[in-house]
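Same chain, two partners: subunit A is paired with subunit B first, then with subunit C.
Take a look at the complex of A and B:
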């Protein structure tokens, strides 16, 4: 079990694009050899901004709801696990349904893999691999109460896509966490970054 | 109160499972001459098989009712009842051969996993294909009339060849289950060895889901082998007790089929339908992302997921301007989080902004262990 006391805090603005997390992720015991972290550029022509994406560990995971094989399980500690190997039929429903673009169905393996908070580590009190190596702490795994003292921004765990509200275990750091983070496609269409 | 709802049983899958069990019962009776060729010693196994059939069918039909499963099930039914589906049969056959028998996809996950799984799967399939026909009375062996040195095999009550005692055929016929048991035990040992060294499995495995089925398989195989040992080397000593223990373990395994990990045996063929569904979508060409124009989703998948989201109550996930969230590629969905955070910070990241530092240095209770 991952302690409720510990949260995962993502701060894309701190990301320097070094890809340490990408390399470290492949060392995780639950999916050794496959890096599950995504490191994307926001808009290469207009900004140097990069950002890491790990699974947000949703309270009502859309990936699990969309899975025909019932292969995705959320444990009591709020961690949404990668697909159960015997069940996953590699249909890609989760890959196309996740609001945050997280799961990957790896060709040939016939299985969906995704971030499971390095369960082999986090369940015994160690940091996930990415948070261990991130030099800028864009990825931070820490006791919740310490984060307030460490940062000017605050953790936000609610995301709004149209009328759909998604609540998550992991948090994104924002200055004003009172309202959900609106994920509005117009942001990308305007190219306004 | 409705007793079904107290047991949380779904009426429709329940009725279908009952029908499936009746159908199996009918086929069993048809194949064994209305019980004439049934071996009374195997009656316990037969009853457990019928119970297992009911349990597996109930879980299977409940599973098919989940909206996401129904999405593929409906498509598969429609396709296989069409000319297109019939034409695709050879391709599906090859897929099934690869995925159910060769299981090459497991080899790509890890060769150790494949080795363990191959021994387990082939051992189990071999054992099932021998045991069920014997238990159902579809296949039986008798001495060949007056000739006590020969054995006669019967299939559905019809003679299916005879062979002399002591021949290679007789050895194979009487020891094929021993071979299956050895394969299963080898598979279990390999699986335990892998589990003991794999940190990922160690963290996520559960006794009831991952360990218990292996223990049950070992118990069934070991008692089966002990029966042979008793008969061959110990002049049948303790045969009765061993036969009882073997029957008990097999019945437990059969009754466990619907609940545990072994259920994936009946779930797995769905993969062939999924492969065909994907091939259909690929032939149509991928649809582009509405924001970055990168092709990413199969048209049939896009259409069916929208229906699924509607059923799941997720249909409100539309962006202003009517863009469905399903029309954004996974990369753009990820970029949206970054972009939205950036917007909250007024589009500006000021590396020199003052960040309040903690007064005391923070203790880091979780340190990196290599």
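Take a look at the complex of A and C:
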């Protein structure tokens, strides 16, 4: 069991795009060589902003709702697990239905894999691998009550997706509106260009 | 003569770079680890703690080392994938001798004989100093110390220098002038306590990624962040104040700040009076540096300069960090001192949350620059020209003053003497000058003139391809020892596995060569890294970098020991300058006047664009190691040129187009990366590659007069759009390799 007290917080403002999370995820014993994390450059021509995506661990997982084989299970601690190998038919419904674009049906593997919050680690009191290595702690695994005091950004765990309100175990941190965001270097200079 | 064997394709097929994509045995083999070895990452000066998983004498993976206090388990992607350098198909496991066709394996004994004969032939004909040695500070303290002793007492040459010459020397010289000591003033814990953090010329997110979290933790408390850099780096993106100044104008900005601190009464007069010298002279040098003048030189708005001075001046606590951006200049030392001046003027140093540091770049950039690895230095950061210092070292080494050579030439000057034909022989290790020195066409010409060249390397680097003999050496994880981190914390490097085949640790090679050169009496007692460390302790004792009280056991007990640590009962010194006491004989710090002067090369009608170079997070220095690790190459397979959309548009360049970048030294053709995150008058190229992809084809051999660091960060260039067929075949090959790796059946790492 993963302690309910511990939340996973994704803070894109802090992300430096180093892909340490992507690299470390693939080292996991349960899915060796496969990274379950997506890290995207939002628009490199405009900004260095990058966005890490890990499974949000929905309270009522859309992937599980759409699974015809009942292969996707959520444990009581709120962790949504990768598909169960004997049941998964690799139909890809989960891939298409996930509002966050997380599950992957990998060619050749014929099974849906996704982030399970490093259950082998988090269920024994360790942090997930990505949140352990993340140099800027854009991926943070910490007691929920500490995070509010710790960070200027605010955790968001409800997402309106079309008509569906999705509540999640993991949180995306919404930046403090006071924090500036610099994009175009030319805009920081006095005319001249 | 040291020409590269002509068959480049055969050379690449044999020695790489190939990509190592998966752990030994592949991803499906997951051998139970025999042991977890708690050591440190080899890839930068932060020296993050990491546990290496070992199975069957191979490093097969890693575990975060969450108890190590500096990084608490955090690692950048280089750290995560560093284990893939071990069981690499390109590893050198035999000595090599150069033939007309390529390299042939040599038996160890034959390689040593050929090496000794080569050294002796050069020295017999041209004199001792005609044989030079270039070394590097990814080596442990033990090896760095031994390199210094080996050059002076085994080779008897004064011409030893190191690649810290391209890294830490401007900061070191500036720190010695101001403080009388060369070390980060504080442990990084003080960053978290600061109210304002000033970062000049440091791409922290990519070159010291873990430091990002220290800065953010201060910001979580409400700290303000000022970032000075021609590019909006990932850290600058969210800074309270981003100052994208013109390359090479750093001291103009900091002089302008000093001017305003004085004008607005924000100088801590009591601190300046009680703890420093030279304030008035420094202020006089900044007298005309009004915000308007500063704006005209730096290209920054007056309001931004005033805001920076206000934020810095009014802070209660602060931390200033800088790195190669300001140091890689022909006035690198002046830039450093101008930064120190605005720290000293506020008196915010030597207290909790009040600090200053350069961010050391190389793995052992701190420790490797302290123990006699430099052309003018002896262990303990002693001066090779100071008779007392020489006496101490002669006593420890058991040699006479006549046996101890004097001051030699710096790294770039050694290369120039080789080019001029005055230095004829070279021993090179842990240094890839053909990629990392400026003006690499010139460097190549120099290497081709060597009469005898021996290289110690674990992969056949671009430079080692010129060697007559290559001795296979050991990786970081194949030896015991210590390094000293950017914080000044001495940490333990642990051996995880044995070197493969005939590969040997550098210290064993030094000891054997010394013996064969008839100088064994100075080296025979070095039977282990710890034996070398014991002598290093005595040699450093009484110097500023005093390791006298540091033992391996104490490092492990305390998770590192901050020097100075003069006695075994001394806990070490995480924070320097407490109570405003500095290392100069009078205990006071010195302001150094830093009147602004332009870079050696400035833009003009022929070369109208500023060019600056630097690193990316996926590669380490000249790339000898990281260009062989699949995941890292996939993220950044080859260099490119960053161009602002306004400049690109004016020249008809679109993202991805081939662009010719030309300076007075040469031309590169690279793909354009059109990004708004750089000044519109400046372009940027990462420097981790050699040959037709080497940014240092373009850079100049202009040196700082004090530190002798080259001006990598400022050149003048011109840009010309060209056709894609002009992109170098090497670049296309790298692109193909990275793409092919990504298409491997689902296992992309």
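We adopt the following convention: the second predicted complex is superposed on the first by the 174 of 193 C-alpha atoms of A that agree within 3 Å, B and C clash if a C-alpha of one lies under 4 Å from a C-alpha of the other, contacts with A are read in each partner's own complex, and residues count from 1 in each chain.
Everything below uses one rule, namely that a contact is a pair of C-beta atoms (placed from the backbone, for glycine too) under 8 Å apart; a residue touches a chain by one contact, two chains touch by 3 or more.
None of these values were measured; they are calculated from a predicted model.
Peer 1: Looking at the overlay, does A:134 come into contact with subunit B only (first), subunit C only (second), both, or neither?
Peer 2: second
Peer 1: In the superposed arrangement, which partner chain does A:92 touch: subunit B (first), subunit C (second), both, or neither?
Peer 2: first
Peer 1: After lining up the shared chain so the two structures overlap, which partner does A:184 touch, if you call subunit B first and subunit C second: first, second, both or neither?
Peer 2: A:184 contacts both subunit B and subunit C.
Peer 1: So which one touches more of the residues on subunit A, subunit B or subunit C?
Peer 2: Here the partner covering more residues of subunit A is B.
Peer 1: For A:23, decide between first (touching subunit B), second (touching subunit C), both and neither.
Peer 2: second
Peer 1: Where on subunit A do the contacts from subunit B and from subunit C line up?
Peer 2: 13, 29, 32, 49, 108-109, 127, 132, 150-152, 181-186, 188-189, 192-193
Peer 1: Would you pull the subunit A residues touching subunit B in the complex into a rising list?
Peer 2: Where subunit A meets subunit B, its residues are 11-13, 28-32, 38, 40, 42-43, 49, 51, 53, 62, 65-70, 81, 85-87, 89-93, 95-102, 108-111, 116, 119-120, 123-127, 132, 141, 143, 146, 149-153, 159, 161-164, 172-176, 181-189, 192-193.
Peer 1: Which part of subunit A faces subunit C closely enough to touch in the complex?
Peer 2: Per the touch definition, subunit A meets subunit C at residues 13-20, 22-24, 26-27, 29, 32-35, 44-50, 106-109, 127, 129, 132-137, 150-152, 179-186, 188-190, 192-193.
Peer 1: Under the definition above, what is the set of subunit C residues touching subunit A in their complex?
Peer 2: 22, 27-28, 30, 61-62, 64, 66, 73-77, 79-81, 205-206, 209-210, 212-213, 216, 219-220, 222, 230-240, 242-244, 295, 299-302, 304, 617-618, 631, 635, 644-646, 655, 673-681, 745-749
Peer 1: Spell out the residues on subunit B that touch subunit A in their complex, using ranges where they run on.
Peer 2: Touching subunit A: residues 63, 66, 68-69, 71-72, 99, 105, 108-109, 198-200, 202-204, 261, 264, 267-268, 270-271, 274, 277-278, 290-292, 297, 301-302, 305, 308-309, 312, 314, 316-321, 323, 325-326, 328-345, 347, 349, 353-356, 358-359, 362, 365-366, 368-369 of subunit B.
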